[in-house]
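Chain lettering (A, B, C and D) follows the sequence in which the chains are written, and residue indices restart at 1 in each chain.
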């Protein structure tokens, strides 16, 4: 029997190892799997490479993971946002590495990683510093850069509804990176607000088919990052 | 699904008993028939596997997966959680499998478009694919899409994507062609579907793994000897039967 | 005001020109926009390059378009099926060109065309006759072939529900090539069984956002190819 | 949406009247202010356009699109059919725009994931993108993501994807920096966002097209002369005003 439900966030992240590449869903706080990130902080593994569009805010969630010195390298498109001081400070101090990737290239690299495409060409970044060192190639009169698919050992994502097969449905713009990170990771761990019976989600509206998901943790009332930040909270 | 499958099995088994290998000496059928080949392959589908079944004998595998195992079937035209064929009269022309036959969905199924479907394949998310073959070489090359004949209409479908992308490729095939030529060969003479892609082969005579040393026999059909298989196999054949290894 | 509704299939295909590349949705008959294809037959333009997984069956729909000598070239993965004689006969007679593409490569090329990716690498077809003449490249120890994005002048697709913005929802496995062909064509024409008010389709379940669709034709009771074939029908 | 926009416009216009260019001679404000720049750009958004608006002044464009035009706004984090900001207290932290501000959806909106969203961008499906700028060169190069300063935290977001993929790029920007340096330059000194990507520029002083011959003035803000703009522009400046062309 297929049952991807795991009893706790701690159990769900228990095999994430030192040096792992971890994709973390979310665009800002929307879709950020904050309970899974906090479980990863509790776990204490180090030297992670983390893929996320941003670097978190305040001193909770992804920012707290970075502040806790567990992240050796960030792969992201926009590492500074309102209320983000943790990454900038560490970056200026030379204590964390950054691979800056244009947002659409980041999304396409993740999608390619999940779809078995090792590399593709895109016009994004041609003629800019972010194309330096990359292969340029002309197709039909226009230059493109070669970009590589991006895979991960783990993905931590957040959805609204799930079943024990791992079928997922997201909420509004919290969908963002979830579906493609689920495809690109060896082990995908999703926190869901609602756990439903198999068959309760219409086959036409499932966004992430269960084949891309390995573990489901139910977090019925997830914390909201901006509220924690506004309240001056920190983790742990 | 398994309960229904069992009854389908009973219904169909009698009329299929004849489809084994014709023993050239006395005209009786020996080896496994098509249903038995599918049943043997089904034993190797683990609980929780995501499986894509090719057209023909491979389709039958779903009927024989042992009870208690939950297996999810993918069909590359855009469905995960394919169920059995509908009752006659219940067919929906917009709910079909890769062989364009009417199917049903199980609870927990999902629909998606073709690029997403082949992302599951190419991205190595499908655990097992079971396919038919024209030829399998000793190094696991598969030819199953074209004879290369000049007047043939070439048609490949998803076969090349499946063998390139799915983690484990099983082949179910008659050991020999109708002309008596071995389909297990040193090197394929037909155009390839993929290089070094096949893991295991279920024929009417034996179950064989593809190994660096050649075809490795794991199991023989009842009444079939290693010599009988060797006579009907091109390429190196190794006896890898557990009894042989342990008991020798 | 945005209103992509067109009064008839004939009006919807009225600007398809001689020599155009036309993607035609459907996998076999599932998702085949038969009324749009018949309108294209009525229109009579020639020398089309048609992209479809198959080549139709019997003497209706895509097979009839081919039989009517309007197609100079087919790009597809499986040009013969049950009840398909039109393409095989013309192909053997040397009267129609064929570009045979593995099904997943075809889907990914169409998706790439729609997503602004001019080329990508895939392991599919390596070592086979379909990789001949294509660039081979090794990534991390494995060989891949370079494949190019595929675009079209027009796409003819079929959906279940649509609104005047061009938002589409499909029916079961009739979804197949529709969403990606809609992305890859300069002009996408969809026939829909049901025309709904804008806002009637939940934003979470729209499969093809209206940005990819140019024209909508309502065909409330579309013909079913297999029934026409079984009845021995032909078009025109 | 347009009706609400009009009222928003009225509400906000009075407090923004001060934000034009400070005339160095007498301390009065001349040229267009931020709201007027946005309103001028909005005139060039046609009915039925799919539009992506950058953060800052570009966001304001939506408020000023002339009534009767139906425009669909895309936000690259995964929403087509973005509506206006919600009433205070009605914000949903999972319904935000690319600037991470709470938004609403219009009827007919759709949600999708990031790869699909950037397929809309990269695949040239978005008609117009309106962006801010640090510098625009006479050949349409845009610099708007980094000063290249050694201690800066580099952050690019979707800017490079937008300029590479969207059919038409509009820039709204003050003509000069606070230090009085022209942002319209012969060649950008800041790191580029994209090469030869900008079509039209809306500044506080003028509307200009990027042409092979240089910046072509289409329209001047009230009270602004060609000489005034020329003094504040690096790179070749052409007078392309209709009155000038026709009436001369």
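For this structure, a couple of remarks:
The criterion applied here is as follows: a residue touches a chain if its C-beta (ideal position, glycine included) is under 8 Å from a C-beta of that chain, and two chains touch if they have at least 3 such contacts.
Fair warning: this is a prediction, and the values are worked out from it, not measured in the lab.
Simply put, of C-D and A-D, more C-beta pairs touch at A-D. Chain C and chain D have Cα centroids lying 37 Å from one another.
Note: centroid distance chain B to chain D, computed from Cα atoms, is 59 Å. In terms of their C-alpha centroids, the spacing between chain B and chain C amounts to 30 Å.
Residue positions of chain C touching 2 or more other chains, listed in rising order: 108, 111, 115-117, 122-123, 170, 172, 203-204. For chain B, the set of residues touching two or more other chains reads 79, 105, 111-112, 115, 118-119, 121-122, 165. Shown are all chain pairs that touch, namely A-B, A-C, A-D, B-C, C-D. Of all residues in chain B, those touching chain A in their complex are 47-48, 50, 68, 70, 72, 74, 79-81, 105, 107-112, 115, 118-126, 165. Interface residues of chain D facing chain A in the complex, by the touch rule stated above, are 75-79, 92-97, 100, 105, 111-115, 117-119, 121-122, 141, 146, 148, 151, 153-161, 164-165, 191-195. Those residues of chain A that touch chain B in the shared complex are 1-2, 111, 113-117, 163, 165, 167, 183, 198-199, 201, 203-204, 206, 209-212. Interface of chain C with chain A (complex): residues 108, 112, 115-123, 137, 139-140, 142, 144, 148, 169-170, 172, 202-205.
Of all residues in chain A, only 27-31, 53, 77-82, 87-88, 91-92, 98, 100-105, 107-108, 110-111, 122-130, 170-180, 207, 224-226 touch chain D in the complex they form.
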